[in-house]
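Order of writing sets the labels: A, B, C and D. Residues in every chain begin at 1.
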Amino acid sequence: MASIVALLHGPDQRGLVARVSGWIFERGGNILHADQHRDREAGIFFQRVEWEPAPGSQSADTAAFLSFAAELGMTARVADSSRRTRVAIFVSKADHCFHDLVLRSRAGDYTADFSLVVSNHRDLASAAEGYGLLFKHVPITGDTKSAGEAAQLELLREHRIELVILARYMQVLSADFLERFGKPVINIHHSFLPAFAGGRPYHQAHSRGVKLIGATAHYATRDLDEGPIIQQDVARVTHRHNVDDLVRRGRDLEKTVLAQAVRWHLENRVLVYGNKTVVFD
Amino acid sequence: MASIVALLHGPDQRGLVARVSGWIFERGGNILHADQHRDREAGIFFQRVEWEPAPGSQSADTAAFLSFAAELGMTARVADSSRRTRVAIFVSKADHCFHDLVLRSRAGDYTADFSLVVSNHRDLASAAEGYGLLFKHVPITGDTKSAGEAAQLELLREHRIELVILARYMQVLSADFLERFGKPVINIHHSFLPAFAGGRPYHQAHSRGVKLIGATAHYATRDLDEGPIIQQDVARVTHRHNVDDLVRRGRDLEKTVLAQAVRWHLENRVLVYGNKTVVFD
Amino acid sequence: MASIVALLHGPDQRGLVARVSGWIFERGGNILHADQHRDREAGIFFQRVEWEPAPGSQSADTAAFLSFAAELGMTARVADSSRRTRVAIFVSKADHCFHDLVLRSRAGDYTADFSLVVSNHRDLASAAEGYGLLFKHVPITGDTKSAGEAAQLELLREHRIELVILARYMQVLSADFLERFGKPVINIHHSFLPAFAGGRPYHQAHSRGVKLIGATAHYATRDLDEGPIIQQDVARVTHRHNVDDLVRRGRDLEKTVLAQAVRWHLENRVLVYGNKTVVFD
Amino acid sequence: MASIVALLHGPDQRGLVARVSGWIFERGGNILHADQHRDREAGIFFQRVEWEPAPGSQSADTAAFLSFAAELGMTARVADSSRRTRVAIFVSKADHCFHDLVLRSRAGDYTADFSLVVSNHRDLASAAEGYGLLFKHVPITGDTKSAGEAAQLELLREHRIELVILARYMQVLSADFLERFGKPVINIHHSFLPAFAGGRPYHQAHSRGVKLIGATAHYATRDLDEGPIIQQDVARVTHRHNVDDLVRRGRDLEKTVLAQAVRWHLENRVLVYGNKTVVFD
């Protein structure tokens, strides 16, 4: 059953819920879910609304809604809930998030096609191919970073990728890459950001003696580890855990936090506003 | 700032969101929050909507909305969000939930007046009076249960009580009492229901060797420990914890679970449907 | 580095810690970990102690410790920490726990060889073989249950299996099977036991309207869902989750709870006493 | 029943468990609990051991154990488990941690006497006195900080205080104060340190858009918010929570985290090593 999902936000004003739901009703649509949020301090209205359009009017409604939202002074993004997003996974050597995402995809958890696996190492080539996924090795070193990123961008373009997931990909994407790609990139950072940003967060956590370790899924931005946070979780650790134990326990966190963030993103539940997210879960 | 909160549910039909929000908009109201849920299997629509009415039309809107909801075939409950609910707390000897609720109330967490404390023991009389609360001792024994409940009902009537909180009150309220009171009663059960219903749940949990203990806040119904669940939480325990440790750790669970359930109830966020709750949090 | 792990329990008596540690010290061993617990009500002493024996005395120490424990009136189990346990995984159609266990094994998390996969269906044959695991299809129907269990027992004997993991295996093992196998069997039940024992626990949970769902890993015994609990965990759900959502969310719980229980078992951290476990984590 | 608790740490060496337990056994003591930890990288051995001494030898054992530990090259701290610690609580205006600690104390959770309440404001004077506690108002301003701290130290000396709890005390204690007091000071910081150190952490958390907020109990040191962490916990928040909501939800975290840290400290379960803690729970 096809449905339309709209994410919109803009200056708060009286009657927005009524106007949006009235617009849908008049065109013969049936609202399945509608969730809204008001940031009273900033005076911003946020809404996610999902509806079944009248038979045959899916594409007309999509275009018309964008115009309607613009008239309301709102920024809107509209998606067809049945459309499969084309996804590329970037990996390095660690494979736990990679296997986890692919197995969830095969279990039918995601409305997405995992069309491409890109890595700066060859380690996961056979695992990817065992799943029937296209694997591309793009080496990245200090000298070749710029050429490597150009090759990556070419692959993303060629495969019409709409989302990149950094599944423990151990290279920093340049601001230039992010700008030229121009589509969302989700990263998993292995700490409870903003604590322990930067490299080797489990070593940092062990050294500081924290009692909880965390993982954070966020959109990648030009400011490393500073992008809008989508999901976070933590697990309890004690003095008995050495760095290797933190790494092992952290893998479970990284998997579930990244998988949840990807799921919310693919279901059009995440609205980025400034450097924060509104997650309509 | 006064606002109106409506909780409604009934047979699902096209256009409900639009009709409700349109009705409010036309009368000059401004929706602050609107949250809805559809139970697709049962074909039921649930909504909580909160709006600022046009100046001066609070009471007219309240009455008119009830008629409007009836026309839609919906069951509705409407409240003035600024109105303070009159609450009675029933206690026995344990005082942790009692202190916790009263201190939260004094901190301004609840739109409620704690008008009355009723107990089958005298232990908490001075604590209640130290907080400036009216304390009434109503002994209950096997022989006097019926007379005791009659006295309790008279107190509830006299003080126009709209909600009873059983804060570790160690007597079972009779079906007759609940029917004659006719208003909500929230109980805290010291286990993760439906596990360990009945008496001495921490002893049961210890005996079974569970690795988590829980607490459950629910509306009291004539079927003991079977009422609609509002909130639950758990805490981890190990073989090192004896029954006394479970009791001590459980106190923290009981306090936070009961406090949260009471808060949701007072904010008109809990809609009872069949033997379950929809909590619009 | 080889080490010996002993799990012992028996009537409490003065000086047990000193006697055990003294015995190890005198034989030139070096204690790496020692953890003990006293059940004061029952008067039972429990201990897990791990030590490096003097060079060359691993097997002599192992035998001698068993005699020594018997002199103390204690029941003991002694293991070589470097020895790999031979494991069989029983599956049906659901594959999430299966993939999870195998991927953890390949990541080096377990001191175990997954020597055999047994299923009453053929669905996971190619997945198992893709991992290089031996897969055996043993159909079980009402009529053939007894013959099927005989075939399973023969496979376990042939492959010298020391632990069976029921990774969402949807058949009940008979009391006769468990007795004849005579070694540990770990099961994952998809609820927070003792709540929702028996079949279709997610349906039961949805019907009761609980606010948390759980999973429980326990040793299988002749009393279904009543065996000693090793690990449990829960996840929060709301009225928005239908049964399918509970199933999907439950999969993550089942994976992590089962994986943790298996890990503790393989590290000789679980001591069964009566119908409960002492987990030295 | 009197018992002795020793916390010791020092260079790891063969036979430490045997030597400590043997020493206790030879003097007629009975070990109730013994828990040890090895930091293999640093080569440090940590132990908490609790024993019942032979009748009449409590004080002799205490002194003798300190000598014995010194012979082993270990740093030791020895306490009589039945001895009540004399505690001062420092508060400002917020009262939630204050009430929580006092109510737990009255419920018998702590082997401690809350002998003194010190505040830079008068707001909690009547609450403290209502509990029968001695309340002292010591104003602190930029100009009078040094004189104020001198007055505080004099109070701590006069009342022979052994532990200071900063229960949302909103002044920074100077390095000079900490050095002159020379005994433990436990602080509750309202964030998941090291994230959001410094002032107004809930505002920082809201601004960064984190999905979990936290609280951290730690020993106060001259480096603000950098002292050894005893306990931490977190709670989930969403875009729906404004700063006031974070403050309100944070209060529950602050109460339970501080209460747990205080309990562990009073039970002699916390061993500080470098800038970290070993908590024998």
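Throughout what follows, contacts are C-beta pairs under 8 Å (C-beta built on N, C-alpha and C of every residue); 3 or more make two chains touch, one makes a residue touch a chain.
Please read these numbers as outputs of a predicted model, since none were measured by experiment.
K.L.:
Higher C-beta contact count, B-C or A-B?
P.N.:
Between the chain pairs B-C and A-B, B-C carries more contacts.
K.L.:
At the chain C/chain D interface, shared numbers over all numbers used: above half (same) or below half (different)?
P.N.:
same
K.L.:
Name the chain whose C-alpha centroid is farthest from the C-alpha centroid of chain B.
P.N.:
C
K.L.:
State, to the nearest whole Å, the distance from the C-alpha centre of chain B to the C-alpha centre of chain C.
P.N.:
41
K.L.:
Suppose each chain is reduced to the average of its Cα coordinates; what separation in Å results between chain A and chain B?
P.N.:
Here the centre of chain B sits 38 Å away from the centre of chain A.
K.L.:
Using the touch definition from the top, which residues of chain C touch two or more other chains?
P.N.:
Within chain C, no residue touches at least two other chains.
K.L.:
Which of the residues in chain C come into contact with chain A in the complex?
P.N.:
95-96, 99, 103, 107, 109, 130, 248, 251-252, 256
K.L.:
Would you mind writing out the residues of chain A in touch with chain D in their complex?
P.N.:
Against chain D, the touching part of chain A is residues 37, 39-41, 46, 192-196, 208-212, 214, 228-234, 238-240, 242, 275-279.
K.L.:
Spell out the part of chain A that touches chain B in their complex, as residue ranges.
P.N.:
Residue positions touching the partner: 14-19, 21-22, 24-25, 30-36, 38.
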